[in-house]
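Please go over the structures that come below.
Two complexes are shown next, each including chain A; its partner changes from chain B in the first to chain C in the second.
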Partner chain A sequence: MTETLTLPATRRRRPRRRVNRPLWIGLTLIGSILMLGVLGRLFWDTGMAFPAEAPPNLPPAGLTNTRGVTGTLAHPLGTENSGRDMLAVLIVGAPNTLLMAIVAGSVSTLIGVVLGFVAGFSRNRADPVIRLVSDVAYTIPPLVILIVVQSAVGEVGLYTMALLIAAFDWPRPTRQIRAQVLSMRESGYVRTAVMAGASPAEIMFREMLPNLLPFIAASFILAVSGAVLAAIGLEVLGLGPTRIPTLGTTISSAIDSAAIFRGMWWWWGLPTLVLVVLFGGLLLINIGLDAIANPRVRKEAGQ
Partner chain B sequence: MGTHGILSTTILGAALALGMATATVGQEVPRDETLIIDHAQSPQNAFENWNYLLPGAVLRAVGLHQFVMEPLFILNLEQGEIEPWIGESMTPNETLDRWTLKIRDGVKWQDGEAFDAEDVVFTIETMLANAPALRDSGSLALALDHVEKIDNLTVDFVLKRPNPRFQLDFFSVRVWGAVMFVPEHIYRDKDPLTFTNYDIPAGLPLGTGPYKLVKATASEFTYDRVDSWWAADVGLAEMPAPKRIIYMLVGTEQARGDLAVRDDIDVAWNMSLGTFEAVQARNPNWISWQNDPPGPWLDPCHRGFDLNFAVPPWDDPEMRLALDKGIDRTEVNTFAFDGIGEVSKTIFPAYPTFKGLIEKIEAAGLAFPATADPEGAKAILEAKGYVLNGSGIYEKDGAELTLVIEARDQTLDDIRLSEVLIEQFRRIGINARLQRVNNATLQTHHFTGEYEAIVRSSSCGSVNEPWYTLNQFSNVEAAPVGETADTNMPRWTGPNSDRFTQIVTELGSLPLGDPRVEELTLEAYELWFNDRVSIPVVQAVFLLGFNETYWTNWPTAENNYMQPAYWWHGWVKALAQIQPAK
Partner chain C sequence: MRGPSARYVLRRFVIFLLTVWVSATIIWVVPRLAPGDPVEATVARLIADSGNFPGAQDMIADWRQRFGLNDPWPIQYLRFIKSAVTLDFGYSLVSFPTPVIDIIARALPWTIGMLAIATLTAFSLGTVVGALMAWDRTPRLLRPLLPASMIFTALPPVLAAVFLLFIFSSLLGWFPTMGAFGRRETPGWNMDFILSVIHHGTLPALSIVLVSFGSWALSMRAMLVTISGEDYTVLGRAVGFRPGYLLWRFMVRNAMLPQLTALALALGSLISGAVLVEAIFNYPGMGTVLVGAIRDQDFNTIQGAALILIFTAAAAVFVMDLVYPFVDPRISLEAR
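Up next, the complex of A and B:
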């Protein structure tokens, strides 16, 4: 007892904020995918991500395929049926999938923030209209509509696809942010700001928005995950971009060419693995952001 | 019983009724008496229309024209002979402008009515009266003036001009199909443009073959063997052994491989070499046309594309030449056909019958090159005023040089071919892209000319003489874009096209084997080649699979009693030779 009371001042430690481990691990995983895209382009010939640029059907380096051909370091992750180098496909395809999802997530979150604030804060006639439209839009199965639209449009690029996905994903952030704004509107500091004569714009952007940022970030991450899922769904059905490789189109062509049946695991397995990393990263970021945005979670985590 | 109870009972009852209806399609047939055929097509949404007179009626090839309807004659590509089937003989007069058809005595429709001159005359007159709206009627109307019934089993065809190939071209299944005759007693009071010919309880579609349609869905067609078949009665063929034939639209190659390994199909559509080897490794009962090592059957058609003259800048032959110079056919063969195809040198199939002609075409410098000439292609584009932009694509007046290639979404070969071509075109600065469409849409676009480039070569037809394929590009039946054309799908017009048509018309009137045939062919071919009217790339290969678990005696290169093209009209002749394994 005495000892504990007489601890030297130098050994006393200041309470430190715990590292938000899920957030950092998540960011590292997503960062690794981005780095794969950025550094890969510097060190690898990404032209080999297109057909007829490498010998077809090679296994990864050191392994032997069913025909007795051994893979080489020239194509360390092997090649697929039409002569695409798998490493080049991943270098081009993984960031493409992420980029598309980030664009889709940003657009739908932005729409959600604007509409959520307008509906939740103003409480004028816009609110029931936005609520009704987003409620109705929420019930529409997006994949079905996307399939129809994609079939009608024919070829779609990455950004068209991102916008199409965003066009069906905005009701969720709209509803969530509207609900947050409604509850925040009644909080003490907002009332104080109102009494102090702050303008609605000041209240929204200076008082409420900064407090909602972690929540919006979490909503954005959800939107990005949803966009990856929607894109993979469309691409595996053969409705994605036809030339630019993405993770989904690579899996789609692997399925079309019976890669699983032929034992060419590197063709479908590697993009699947990257997808696992991508979803894992997004999930961990979301958990991390939740710890920041949600006081109860923070408290449980001891922060 | 509460509302919920009533509701669930009703649903259960409905479900049971539905289940029973599905289950009671004929009697149960054991697996070893059933032949299951895989057919690579998109789901058939119009599966309730079996009026095979209509153009683009793709339902023909899902069993109907193989096993229900029968041709007059069958050209056996392996034996090189036209073999009589429901027709007994067809002979021309000396001037080749009147052909006399003798129908085989004893041929019967499945309802017992005799197949006779009435049916032939009625079908031909219906086609002539509705030309060119009905399938093949446009080209038939160009060739044929009228038909005359001589007696119950004899019909005379009076032609507009001499035609030594009349029997071969219209009635002998030269490639894929021939004119199919309708039962006059069924069709006589129907509108041939709107009649669906689909009423299973009433026996429609009605044919003369040994099988009847008993069930149709968008993805599966079931046929049961009839009790008696005229061909068995007259001793022409054995009654086929399978009691039931199921045509299954399998879809992906993965599904095809899985079904093949599990013996769930007996005949498999074209597979890539890797998949076929994987199937054989797990189920050694699978064989192909060539075995040890597995090898393909060479279809007479080429895989390549038609490029529409009606879509600028492809109305300019030099632009077409530039595009052709961008193609590396050897590379396409390696990457899209696993190296087992035959690179196209001409539009004629690399069959022994064309060996001499192909050599002469090569000697005249009119053969398609095996490799690309990207510099030559770029030089042409630059001479046309195109300038490379920062993305490596040629531009003119601020617009990129683009090309949209349509290909069938369910046909892996076509997709792989298009993907490699697109890379090759991009290497010469053309922003090419693929548009996947279903088979029916693709056919419609090809017939109506509503496409830019389409992977469905019209350079298909000749197997033993050159006229037929050349005639595919004759502009006699020129149709504007939006209207259905039977020939000249690339919409080739202009003085070269006119001269070509003139030569081909003359060629068409020469008897087979006439010494002028070769000279005129080379003259026409030069015009065709210089304008790159259609662009063949690789002669189609089919690595087909036949399963010997339940059925044997499949046609193979060693046992080549008939071509293995099980999707062709008249394949019932091969079916009659297939035997149960046990």
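Up next, the complex of A and C:
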């Protein structure tokens, strides 16, 4: 941003303090899911997220279900058929899903950054190998492999699932970062640094990495979003962690119990709504980061 | 127009083979690394189901012998590769006398048909919408509609399927809730059957189209923004071509190339999405086969279905790669 300050004043009609609106709305949405998890634990009994802790099949407070039972404030969002309180399920499940996705996203982005840098830097030695491997890995439908792996491994915990998902989601960040490193190598300031005698490590960490940060962040958000997607997929197929409530396992049990046709919309609808907020938030953050990382988009958005 | 160079085709074919081989190997290795013994687990399940179960130890030993689990690993591996190449995945453990390949052969056409129609619809719709979003002459009336249609992009296909099922099947009752055709129809080329298939396939296909056309539109729009500044576009405008001609012939045509690349790359995740949507709608494709096999711990079927899905994805990408040089002749020159 420093170079824009030196522009002549006449070219600047209004002070350039444009807020990156998509980024902030996105962060707020994700933040509100985190707050639900943090504040909810303080004010609500999360023990009710487990079966038989509440009367089953209650509608949300004030509504009456097909059998004429009216929901009460004791379970404001209703309960499902094994007697879990939906509010407690959301308070426990939403952060679980988010946490799992963040772990998976961090691991796959880290692998992507390392491999992408190695491939982009040593064009003649490691690059063809890494490119071939990531081309191959990219073609494999990740969900299909994950299905086999998980059904063999059996019951998994949150972190095992995160690592499994990350193990099949690194090719995308690797390809993206490799492409960026390759184009950055040719840019003026990197060439200048090379001519000034900077060591490869200096070029990587001082020149390139800081400039790539918004890009890596965007890649990370995409990986998180992909991890949620993979997790939901596995959980809907009945392969997720069964003992810990997450958004996906809740939707999965709702579908298995035909909640859609029993009019129990709160059972599948509420976790889906949280997921919509989650995906929407991640998408907005990504659009916002894109505006920072990609000057062309920034210019266009400013028109 | 020259075809792709031999080197290019060879590289693509190697990638295709490697993809299938690597995933087959993962599928073989992982269950062996995983804690627990599938044979013991299955017998334990039988014991749990039937209560008293004499001779369990003999049964375990017998099964190990029959499945060749006592042989050295390299031999087991070679046998697995042979069965994968010959498409002989053994029998389904649950619906016992049926070979796995028969179950797959019945399910795969449904998956491929539905996925192909949904993907082509989403791709063409997204390309047109994206082009209209970037065009400066798009009618005023259409303008707000376009970004509004993007909201579904953030959703995974499964969730869209759940929503559509709730609104159009449960609340409105316009579409059937499960299956691929009505119970009373006899499969074949008669009008009733075809209409029934369309009626049943609409919601599953729609859930894929709804969530995926937005991303095609977004990338198309981004591409057109760049292309509208290119010299040849400026020249075309200066020469005085009609705006519509300029849009479709100059801009969209050039933007199609990266779009096609993206389509090839997206196939893997498209298949994943379709599998899940099928599971929701009980559509008789690979998704439903997988769900059933997972529920029943029918490992032969899971392995076979997974391998065939991976093979399908890799083959589709390979075909796309072969077609691509005809669309963009520069590709085979670059791959020298």
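Throughout what follows, the second predicted complex is superposed on the first by the 287 of 303 C-alpha atoms of A that agree within 3 Å, B and C clash if a C-alpha of one lies under 4 Å from a C-alpha of the other, contacts with A are read in each partner's own complex, and residues count from 1 in each chain.
The rule is short, and it goes like this: a residue touches a chain if its C-beta (ideal position, glycine included) is under 8 Å from a C-beta of that chain, and two chains touch if they have at least 3 such contacts.
This is a predicted model, so every value here is computed, not measured.
After superposition on chain A, the partners chain B and chain C are seen to clash.
One of chain B and chain C touches more residues of chain A, and that partner is C. By the touch criterion stated above, A:243 is placed in contact with chain B alone, chain C being left untouched.
In the superposition on chain A, contact of A:255 is made with both chain B and chain C.
By the touch criterion defined above, A:50 lies against chain B but remains apart from chain C after alignment on the C-alpha atoms of chain A. Once the two complexes are laid over each other on the shared chain, residue contacts for A:32 go to neither chain B nor chain C.
In the superposition on chain A, A:81 contacts chain B only, with no contact to chain C. When both complexes are aligned on chain A, the segment of chain C among 8-16, 26-34, 44-52 or 260-268 whose C-alpha atoms clash with chain B is 44-52. Shared contact residues of chain A with chain B and chain C: 154, 238, 255, 260-261, 263.
Residue ranges of chain C in contact with chain A, taken from their complex: 15-16, 18-19, 22-23, 26-27, 30-31, 34-36, 38, 41, 151, 153-156, 158-159, 162-163, 165-166, 169-170, 177, 222, 225-226, 265, 267-269, 271-272, 275-276, 279-280, 290-291, 294-295, 297, 299, 302-303, 306, 309-310, 313-314, 317.
Residues 132, 135-145, 147-149, 151-154, 228-230, 232-233, 236-239, 251, 255, 260-261, 263, 265, 268-269, 272, 275-276, 279-280, 282-283, 296-297, 300 of chain A touch chain C in their complex. On the chain B side of its complex with chain A, the touching residues are 252-254, 256-258, 271-272, 274-275, 277-278, 281, 331, 334-336, 338, 404, 409, 412, 415-416, 419-420, 422-424, 433-436.
Only residues 50-53, 56-57, 66-67, 81-83, 154-155, 238, 242-243, 255-264 of chain A touch chain B when the two sit together in their complex.
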